[in-house]
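There are structures below to look over.
What follows is chain A paired twice: with chain B in the first complex and chain C in the second.
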Partner chain A sequence: MSGSFLRVSIWAYLVIFFLYLLGPLVIMSVTAFNSSAFPRMSPWECLTFQWFDELFRDQRILNGIKNSLIIGAGTVVLSVAMGLAGALMLTQIWPKLRATYYTVIIAPILIPGVVLGISTLVFWDRINRMLGLGADSVLSNGVFLTVIGQSTFIASYCMLVLVARLQRYDVALTEAALDLGATHAQAFRKILLPFMRPAIASAAVLAFLASFENYNTTTFTFGEYPTLTIELAQKVRYGITPSISALAFIIVALTVFFALLNEAKLKRQELVAAVRKNATVEELAGKIKLPSFFAGNAAAVLVVIFAVATITVVGTATAYDPAQCVANVREQKRLEAEQRIQELRQQREEQRKQREAEEAEQGGAQSAPRPSNNSGFGNVFAPNTLGGDSEETQPQSETPPSSNDGFGGAFDPNSLQND
Partner chain B sequence: MPKFLKEFFNRNGTGMGLAILGLVLFWTIGLIILPQLSMLDFSFRPNLPPPEIGGPKDVYTLENYKYLIYGPEGGSQDYNAVDLRVFFRTLIAAVCVTIFNLIICYPIAYYLGQSKGSHIRIFAIMLIIPYWINEILRAFALRIIFGETGVLNTLFVGLGIFDTPFDFIRNDIALYAGLGYAYILLMIFPIYNVIESLDHNQIEAARDLGAPWWRIHWRVVIPYAKPGISSGCTMVFMLSAGALAAPQILGGPSSLWFTQLIYQQFNDNNDWPQGAAYAIVLLVTCILFVLAVMRLFKVNMGDIGK
Partner chain C sequence: MSAGVGVDLENLWIRFGDFVAVRDANVNINGGDFFSFLGPSGCGKTTILRAVSGFLDPSEGRVLIGGKDMLGIGPNKRPTALIFQNLALFPLMKVWENITFSMEIKGASAAQRRKRADELLDMIALPGQGDKLPSELSGGQRQRVAIARALCAEPDVLLLDEPLSALDLKLRQHMRTELREIQQRVGITFIYITHDQGEALTMSDNIAVMRDGVIDQIATGKTIYNDPNTAFAASFVGENNVFRGKIKQVMGTEAMIATNRSGDLVARISTANQGKMKEGDDAMLFIRPEALAIAPDGATGDHYVTARVKHEEFEGNVFNIFTQGDGGKEIKVSIPNHGQSFQDHTGQSITLEYETQNAVLVPAGELAAE
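Let's turn to the complex of A and B:
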């Protein structure tokens, strides 16, 4: 009894947990397709692809992507090289120094990114001044500083990935190569490097992703080369539009695609290995068939479905025109707003009549009715009343804004009410 | 040449040895140690225009640190109440985020570590995917959800739970949810790594001896997972105390995170030494705090980062 209860609660917990983890990403992706000028899911207006158009026309975003790629490439090269050197050093350092050395190279992971950014900026600024170079030298260049700043901690990640594989390396292999007359450089290039290749590849991917999404360090060092993350942060802080959702959707889709692709590849390797293990002799005799790419490989099937879905969506996007729907929504909003105005007018009219009647009753004892006399309705003519029942009048201002100006002050507490 | 250096070159060859040594020295000294020392030195200096740097006015001073505690000289208050409040609020909130993360991540890490089956791989992918999405976009996603016309408010008002939209952003709920969200993976993976290596027979044995499930966790699993828990907590604490993006995007208009003060000193006030001093205070406090907590729970420094 308690076992099944436990199982149910575990599954319920898992569902809630993954809703918390993935729900925001799904909702954000969906808002990219809503024609509402403020990214939201409800009320759903029209299916639209205009935010993607807007995204691809945004020069700052495109420029940010370019800078991110340049900086990412630099960071990958520098941090993988330093990480590999650091890992090699860790396996052969003097034992007494080992603990200290390990603490030093692991520390950047724990140091807040803000601190790394500041220290990089301050330090290279000082070097720059000591060398007597001007403000426009290489050492104060945004790309250089960002690569250096990011590599400081990304190299630690790389080192951790690389050292895990290096520990399984048999040093005897290098020694054998050296005995056979290879130089140290040759032994490194032909023996150690091929062995390390998978780890180097994962370290490089990790380094690139870490560099691409870094904000805390970059925000102090970017100078005149804002990366994509910096541009995004500026946009999100000073006014949010669904074109950010569109970018997010693209990134989410790419991530899911590559994760599935990687999973499919791993799964296939496993399947192939399993078959080989059971049937080495048959294989050598050419009797065995390796499993096809899709057999027993759910991830591979998903990859294909995903690709087909993408092509369908892009195909629809080029043919689909939401103008009619957008016009309908606009028309409906206009009607609603008119109705509201009508209702308000009617209300006022009634109140006026009521007041007149009241005044007549009082026999004009008072020349002008004080607001306190009819407390319930007295303020109806004050301009603030309209703002008072914002629930009612909101749709008036909701007619699709011509631009994002309305949301410019995203941090202004009122701006949220305005939309 | 010392013996170990000679051995090192013998083993790696002169060229390779020099390359390795050069890269390691550049990284450890040029990128890690010297910049931190340089920042420390910088934080003790007055804020001078560039031509006066190195001049007679460029002397060591405690001014920048005094500013954090006492505020501007001749100010109306005895203490710099605003900045100090932000500082302590940041630390307390970071602790809360860490505890919250530990509570929600421990069951998941335990489940993933102890169950077998192909669905575990799918869960692992689902865990990693959000971590590959940009930090800014993750905060943005939560902003959409917690906004005044966001999904949550629409839902709650629609269900009649609230009469009017609840301002999650102004009440900092969005901020805490965002910080917790950002570092879930960093909490799960270290704990998962440790629990995965726990022999299931130990749990079976405890169960056979009649221990209820909570005592199995309290007496068997948690003591075993302590290194993982401490690495996870350390990382989440340091990263959320040093977070900048989430507070900037999800923080309410009136509440600040300490890193935002540092950012303001650098970018708005252009007072680099002051910003450096604040950064040093943050770094040193966080490290001391982590070390103190680790001593309290009797965890070794060497276990971190494994």
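Let's turn to the complex of A and C:
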């Protein structure tokens, strides 16, 4: 009884958790296919691929992606190299200094990106000037500054990833290599580096993603090379369009694809290892190629499904023309809008009539009728009608009776305040 | 490699800060010898090995290999190969790549390496296993791969740092014989580090017994077992019963000590201490369990000890009798099993006898931890 309740609540929790986690992504992805000019899921108008089309026609976005890729590559190279050096140093350094060194190396992660961005800019500008170089030198180049600026803290992330692997490294392996005649460089290249390869790959992916999504630091350093995040931020400033959703969808799809691919690869290695363990050398020669890519590999199946789905969607996109649907929706919208205007007019007319009736009632008390209500346009162009009903009567009651001196109220102290 | 390359340690000191790991070691290792450093963990034997292989510089003194001073010569330039305690096989390389790593460094082609690897795999009785990863091998197989990898570098001196300690007993005993065979086949100098006296005794030509950075004795296994220099060597190598006392009388190569509880006992003074021990000195007398025998009741004299039997056990080849000696310390007696009927003595008081030749007298000193 209580067991089943527990199970139900765990499932409920999981559902809520994943909704919270993935809901926004799903909604954003869906809006990329809605023809509505504002990214939204409902009301659903038409299935369209026009936003992808628009995205790929947007020179600024494409340029931003290009810059992001260049800067990402530079950051990966620099951060992984610095991270590896830092991690190696951590294992070599005098044990008493280790804690201090670690803190210093980790510090950039704790410093706000904005501060890193500004300080990068200021620091390299100073260096640039000290060297007597102009504003077009390498040191003030946006790509260079952004790579340097991002690497200051991304290198720390890389170091954390690399240290974790390095801690499992047996120094005796390097010693064994030296003992067998290798130089230090050979031992590093042939023993340590291959051992670190998985961690280096993770660090590189991490560095690239961190660089790709970085905004705070880049916003100070990009110069003439705005990255994708910078371009997006500038675009959003002038209003958001579904082409940004389309971009988000592409990024999500790519992420899922590579995650699945990685999973499939790992699973495959596992299967191969299992086969190797159970086989003798003679068997291995023939058998190793046999394990089918799919055997017991759910991730691989998913990858293939994913690929098929992508091809289908792209194929549909090229063939599909939502013009008719869009036209229908536009027509419908136009009709709706017209109808709404009609309704509004009717409403206004009724209001006008009502007011006239009221004024007619008050006619005995106030001799002069209010001007300007009798224009031929049914009150639509009357400035007061824009403000709505409630405000219409307020000025009358709030304005204090003006004094009747000869200066037209210019010296009335109240009129100053009213401005 | 016919004569082999010898290794000499001259007045070797190694310090880590204030800690002295090796204290004035002087060792001559002949070319082609199987030489063991035997001692408890932390005695400095691994430090010596690292100094020979070049991972450590001596604080004082010299390490000579083939008569050449090795100071300033890195581990990759020395004619030594080290087999690490944990073997340190390269986990990402296949067995054959592991074995021929030293050739890869020198730029040998893959075909050459393959060929050499196959030869060595045959030698270590692992033919056809070259394409496996080290993790796919058993402990004993990995052990042999490590040896093949070291031998592939064609060292003049092979250094082994407790390579058998991770193996189970059966395999360890098997590998002892195998190591000894390999050493005799390749004819190079082996320097072997161990805390297991069984390994040292069975394999070595010569053994250095170490304690706290000091070498107590360098001799053949037989000599160390029968004629130890120090109380430590006597108690560390093999089982031994100790009797403490003061020297009462020195009679040439023999001496009589007065013990508190067991009366006066006579023993041979160990060779290295002859002429150095005099009356009144504190001394320790060691008798091996197998050198003791049960004497007829009532026998007394300077080579008889009375004791009360605490318990007995049957070990197959021997009966072990554990007695509460008069000195308070347990005395172990091992009586070979010749198929005779064996009388249970538990709770009884018995008299034990020994031959003076089989009891050794050394100056009182630190005993090995049990």
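Going forward, the second predicted complex is superposed on the first by the 315 of 419 C-alpha atoms of A that agree within 3 Å, B and C clash if a C-alpha of one lies under 4 Å from a C-alpha of the other, contacts with A are read in each partner's own complex, and residues count from 1 in each chain.
The working rule: a residue touches a chain if its C-beta (ideal position, glycine included) is under 8 Å from a C-beta of that chain, and two chains touch if they have at least 3 such contacts.
Just so you know, these numbers come straight off a predicted model, no measurement behind them.
By the touch criterion stated above, A:172 is placed in contact with chain C alone, chain B being left untouched.
Within the superposed three-chain model, A:119 lies in touch with chain B and out of touch with chain C [touch as defined at top].
Counted by residues of chain A touched, the larger count belongs to B, out of chain B and chain C.
In the overlay built on the shared chain, the residue A:92 is in contact with chain B alone; chain C does not reach it.
In the superposition on chain A, A:191 makes contact with chain C only, while chain B stays out of contact range. Looking at the shared chain after the overlay, A:181 reaches chain C, while chain B stays out of its contact range.
In the superposed model, A:28 lies in contact with chain B only, and not with chain C. Overlap of the chain B and chain C interfaces on chain A: residues 183. Against chain C, the residues of chain A that register as touching in their complex are 170, 172-173, 175-183, 186, 190-191, 194-195, 276-277, 281-282, 284.
Interface residues of chain C, counted against chain A in their complex, comprise 53-55, 74-77, 80-82, 84, 86, 88, 90-92, 101-102, 104-106, 128-133, 136, 149-150, 153.
Residues 6, 10, 13-14, 17-18, 20-25, 27-28, 31, 38-42, 81-82, 85-86, 88-89, 92, 94, 99, 101-116, 118-124, 126, 129, 148, 151-152, 155, 160, 183-185, 188, 209, 212-213, 215-216, 219-220, 228-229, 232-233, 236-237, 240, 244-245, 247-248, 251-252, 255-256, 259-260, 263, 411-413, 416-417, 419 of chain A are the ones touching chain B in the complex. The touching residues of chain B, when paired with chain A in their complex, are 4, 8, 11-17, 19-24, 26-28, 31-36, 38-39, 42, 50, 53, 104, 107-108, 111, 121, 123, 125-130, 132-145, 147-151, 154, 167, 170, 181, 184, 213, 234-235, 238-239, 241-245, 248-249, 253, 259, 262-263, 266, 272, 275-276, 279, 282-283, 286, 290, 301-302, 304-305.
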